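Next, two complexes with subunit A in common: one pairs it with subunit B, the other with subunit C.
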Partner chain A sequence: MSSPSVLYAEQPEWADVIPIPQYENVEPLAPILYTPEYKDATDYFRGIVKTGEKSQRVLSLTEHIIRLNPAHYSAWQYRYETLLAIKAPLDVELKLMDEIAIKHMKTYQVWHHRRLLMTHLLRNTDSTGIDKGSSSSSTQSPTQIASSELTLIARTLAEDSKNYHTWSYRQWLLAFFNDDSLWERELDFVDSMLNADVRNNSAWHHRFFVVFQSGVREGEQNRDRVLKRELIYVKQNISLAPNNASAWNYLRGVLDLNKLPYSNLVTFVQPYSVSHPDTPSDLVDLENPPPSRGAQLPCPAAIEFLADVYEKEGGDNVLKATELWKSLGSEHDTIRKRYWEFRVKEGLRAIQAQS
Partner chain B sequence: MADHLLVPLHVQYIQNLGKSQDDLVYHLTAHLRMNAIYWGLTALCVMGHKDALDRQEMIDYVMSCWDDEAGAFGAHPDHDAHILSTLSAIQILIMQDALDRVDIDRVVKFILSLQQPSGVFAGDQFGEVDTRFLFCSVNALSLLGRISELDVDKTVGYIIQCQNFDGGFGSSIGAESHAAQVFVCVGALAILDRLDIVDVPTLSWWLAERQLPNGGLNGRPEKLEDVCYSFWVLSALSILNKIHWIDADKLTSFILSAQDPENGGIADRPGDMPDVFHTQFGVAGLSILGYPGLADLDPVYCMPADVIERMGLRKGWKNLERRAAKST
Partner chain C sequence: MSTSTAPNLDNNVDNDENNFALPRLARIGHAGHVKRCLSGLPDSQVDLDSSRLAIVFYCIGSLDLLGLIPDKIAQGDLDMWREWIWGQYVSGPYGSGFRPSPFMAFSTGGPSTSDPNSTDAPHIIMTYTALIALAILRDDFSRLDRRGLVNLLRSCQRPDGSFKTVPGDVDTESDLRTLYCAFVISSLLDNWEGVDVAKALEYVKGCRTYEGGYGISTGFEAQGGPTYIALASIYLAPPSPPASSPKYRLTREEKDKTISWLVRMQDPSGGFCGRTNKTADACYCFWCGAALKILGADHLVDSRALVTFLADCQFKYGGIAKAPGEHPDPYHTYLSLAALSMYPPPFSNANENNNASWIFEPLDPLINAKEETAKWAREKVRGLR
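On to the complex of A and B.
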């Protein structure tokens, strides 16, 4: 690639292109005054778009623009069309774009470009693994390339563990390829993300997606065992860090999806709902891991959970629920006072209706 | 720290945007120019200073962004048409009483062409899909009076699949619940009169949970507060008739504390640099919270409520009552 500091206007290799300035035939309302480098590059971009050129030097030019302005979606679009037109190796392209992905992970285009490339790779490989149209330079199958993508995604998430586009791209990739060899590492991956930050909502969401929303894979057919495993997993993580909305949401999600009553979890939840739980026995109870030492108690989410159980039970227990909601509104979760007042009102109305 | 909305300063801030001396930032955001004008204009309307920007200049700019090949609007002259800029263009022209300048048939054709077999919408021919684009398409079609041409069941069918275990919605099927994506899904459902598919108690609770002890709102559990969620979360709650679940005083203080008291504008959080995006959504949030002196904002369309009302498009949302201004 030519040195970016040399304008295309000064490069003899580009002399055949007619650059088109930004405001040809348009009287600008608010003229953009921009750096000579960007102006020059985009003038030449407009020039080759006009002639419809698709070539290696267009790849250089679009890369240059993308590095200056990763949000220039026309440059991305044209680059993709060029890659296909000149049958450039897409796996090489993916590698080239790795650095840009990590640097500009918050830009939608970065991920959409990869999605397009991966889609093309999978769709243009025949059953023997040979890709038609030289989409790949190596003997790697699309699935192997997808595996490399998972590694790139992990690298990106190491920089920004909750990046929405990155997680969403990972979910798309897994679902699109739907290859067991790609899925099988996911639980370990989520585990490593949660070990780094147990409050990573994206990781919890991903786990739910992998376990419960992407079909049943080899080794996961015993759904009872899977359910049991997940309940133990989330309870252990709640034990580690009780004040973690994501974990409690995950617990509720698992119970709701599997139509399990919340009352099943009362023994586990109860110690989290008070300031000073009874000191646990020396016996390790996997089913009911207690709050870890030093945890801030009571945990509002636990109080809320118990209240939901009491409300569901009905009768006199609804009154117990209202007491818990009152404590949340007045003491443990005052920012949501109005919400807890609503629950109390509803509860009292239910009691009235019963009598 | 300001304890009230610094309207004159923000008006000035918006007026100065087009005159930015910072070349680099200005040209790197060309792809947002149409959106930026819409954000600026809407904020001005809510603050009661619509005329602070020249109407004719604005209309001319919008029309200069017409992509005649696609039959829709790009973000900037010579940019390809995109649904984001197309919606903003339509919203600007409506607020400026100039919708007659648009070839509506062509725009409708463009929008409908973006719908994918799955029901979601792409942003443009590049093919990126996102529930944001679904909302923008539904919104635009509604504003153009052509919502009847949409396959509602197909569209709603996609949104249903984006519903997550926590009651929220993501950018696509399987994606994490995020307040901005919740807004676009709930907003689209409101326009299509299909809020019936929402798990209202769970989603409303999830939205109420976005409020942090400092009063600000975040977009997902365990993330930082950001002024823009004052709109995404509040508008969704208003649509679901649960706006009173938010501690309005604390959120108001939070938004006001994110103002730049010297140059105007509102930032994502106190101490950061302001930008027109956060200025608009901070002002929008305050309007929904009933802050005195502001015009009503329609949370579904994110446009002045009186404009939407005149078009017969008002839905059943409920903002907080406008408070009377305190006498100083």
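On to the complex of A and C.
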């Protein structure tokens, strides 16, 4: 890569390129006060694009621009076209981009570029790793490539555990390669993320995606067993940290998707909905783990859950639901007072309609 | 979810509950912030190079919401802004639309190039922001090639129903954001020929998650921005087949679940979060707030707490930041003002002290513009029939 301290305009090896300054035909609006380095690099980039040159030096130039402005989508796009045109080794490209990915993980283009590279690699490599083009300098199988991507993603998430682009890329990658040996390690990965932060909603979402929304893989065909495993998993997590909206959403998501009635869980939920639950017996009940000692109770999500059960039962029980909603609005979840009052009103209207 | 003590919930409404005071909304300071950005951005913001038109939209939009356009801005400035925006209008075999800025322009003006893989091509998101910005400036759109816009959308839709940001052979980024912009453009044109609506709505459906919100693309985590965009797209779709098919409409249960997820994004600070268990950010006061408005559930928001949060996000030298104590930018400034346009503080004493500074004209939540501006856009973008 060219040294940023020397402008392209001063480098003899760029003398054949005619730089094109950015043209603003009228008084510019919200102009960016470019540094001389950025202005010089983009002048030469426009010059290159105009002639259509695709060469090794274009890779240095676009890398330079990307480091100065990782959101420059044209530089990314032209870089990708150049990589293919000169049949550059894509594994080298990925390695180079690892550092940029971690440094600029919040930039869309960083991850989109990897997607394009992955798509190209999978299309052009057969399962033994034999490259049909010459786009890789080593022979890695697609699974190995994807596996090292998962490692990079894990490293990125270690820096920012809720980064939306990175999680999205992980989901895309898994679905794209769709290889059992990749999928089977995902639940352990989710576990490690949730062990670090049980309130990490991205990790909960990922678990839902892996278990329920990406097809049924070997070892997971017994859906009743999977369902039971997931319910125990989420209940255990609620037990450890009851006031965790992510876990409650997961629980509801599992029940809704599998069309299971919420009423099945009343025994589990009830102790979470009161300030002082009965002291649990010493028996370990996997199905109904009690709130952990010292948990802040009652838990609004538990009250809401019970209210939903009562509402569904209909009849006089709707009145019980309205009492719970009232307690949420007046005491346990006051920021949503208007919402709970609305639920009360709707509930009472339903009772009237029945009678 | 928080617990805090609050008064009883019986029907004896405390009449003084809505008699409260806020600090002043620093309208002049916020206008100053966006005007400074229009006159120039520091080199540290070079990453906006490829989305300058969007920043221009947030700046001009802020001035519109603040009621300063056209009367409080010099005519020369308004004309100059309009000319700069039209200066970004490009056409080619893929259709026509607006580019983010001249950051990839080689030529000395005029519609640029005929190369379908040009790097100086129109961008769908920028095209949406340009049309709204021009409507704010009350442009007559006589320079708009409407057929060209339709062609651009057609060139950008992918087989899965989503839209690429720019035309060409390379698969550029594509997700719900671009789809929403394509829907607004078609709606303003009152012409949906550029869009395979059924496929697009199928794509939207695939972005729905178990939480009740929407992710930015299929399989991704529910987030406030995409949830707004998904709902706005569903409600912008034309009321005729195929979009009118019940399979693309939300069921009662789905709607209830989405409302429940959205209201739970309001955290005890009064601001909205973008995702479950994240912290509040001013921009989500718009994204979640507008989504609730579209669903007719805006009355469920604690608007007093919302406004109090936004009051705290004001930067002392002008502009609104994503959270208290942070630095402001045009994006958070515009979206905060847009949120205030939908959620006026529930004062009983609006004329007192600083309270009048918080009152705005109403906003069209579907296309994200002041109602008056939206009306202009709907009349003028479609052109004469």
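By our rule, the second predicted complex is superposed on the first by the 341 of 355 C-alpha atoms of A that agree within 3 Å, B and C clash if a C-alpha of one lies under 4 Å from a C-alpha of the other, contacts with A are read in each partner's own complex, and residues count from 1 in each chain.
One rule holds for everything that comes next: a contact is a pair of C-beta atoms (placed from the backbone, for glycine too) under 8 Å apart; a residue touches a chain by one contact, two chains touch by 3 or more.
Because the structure is a prediction, the values reported are computed rather than measured.
Overlaying the two complexes via subunit A brings subunit B and subunit C into a clash. Legend: residue contacts after superposition of the two complexes on their common chain; A:Glu99 is shown touching neither subunit B nor subunit C. In the superposition on chain A, A:Tyr339 makes contact with both subunit B and subunit C.
For subunit A, the partner that touches more of its residues is C, with subunit B and subunit C as the two candidates. Of the two partner chains, neither subunit B nor subunit C is touched by A:Asp316.
Once the two complexes are overlaid on the shared chain, A:Glu287 sits clear of subunit B and of subunit C alike. In the overlay built on the shared chain, the residue A:Pro300 is in contact with subunit C alone; subunit B does not reach it. By the touch criterion defined above, A:Glu331 lies against subunit C but remains apart from subunit B after alignment on the C-alpha atoms of chain A. Note: residues 22-23, 26-30, 32-35, 38, 46, 68-69, 71-74, 77, 80, 108-109, 112, 116, 162, 164, 167-168, 171-172, 175, 199-202, 205-206, 208-209, 212-214, 244-246, 249, 252-253, 256-257, 335-339, 342 of subunit A belong to the subunit B contact set and to the subunit C contact set alike, using the contact criterion stated above.
By the touch rule above, subunit C contacts subunit A in their complex via residues 1-9, 37-43, 45-52, 55-56, 59, 80-81, 83-85, 87, 102-109, 119, 165-166, 168, 170-173, 209-211, 215-217, 219-223, 257, 260-261, 263-264, 266-268, 270, 275-278, 299-302, 305. By the touch rule above, subunit A contacts subunit B in their complex via residues 22-23, 26-30, 32-35, 38, 46, 68-69, 71-74, 76-77, 80, 108-109, 112, 115-116, 162, 164, 167-168, 171-172, 175, 199-202, 205-206, 208-209, 212-214, 244-246, 249, 252-253, 256-257, 335-339, 342. Touching subunit A in their complex are the following residues of subunit B: 18-19, 23-24, 26-32, 57-58, 60-61, 64, 77-80, 82, 124-128, 130, 164-166, 170-172, 174-178, 205, 208-209, 211-213, 215, 220-223, 244-247, 250.
For subunit A in complex with subunit C, the residues that touch the partner chain are 20, 22-35, 38, 42, 46, 49-50, 68-74, 77-78, 80-81, 107-109, 112, 116, 119, 162, 164, 167-168, 171-172, 175, 199-202, 204-206, 208-209, 212-214, 243-246, 249-250, 252-254, 256-257, 296, 300-301, 326, 329-339, 341-342.
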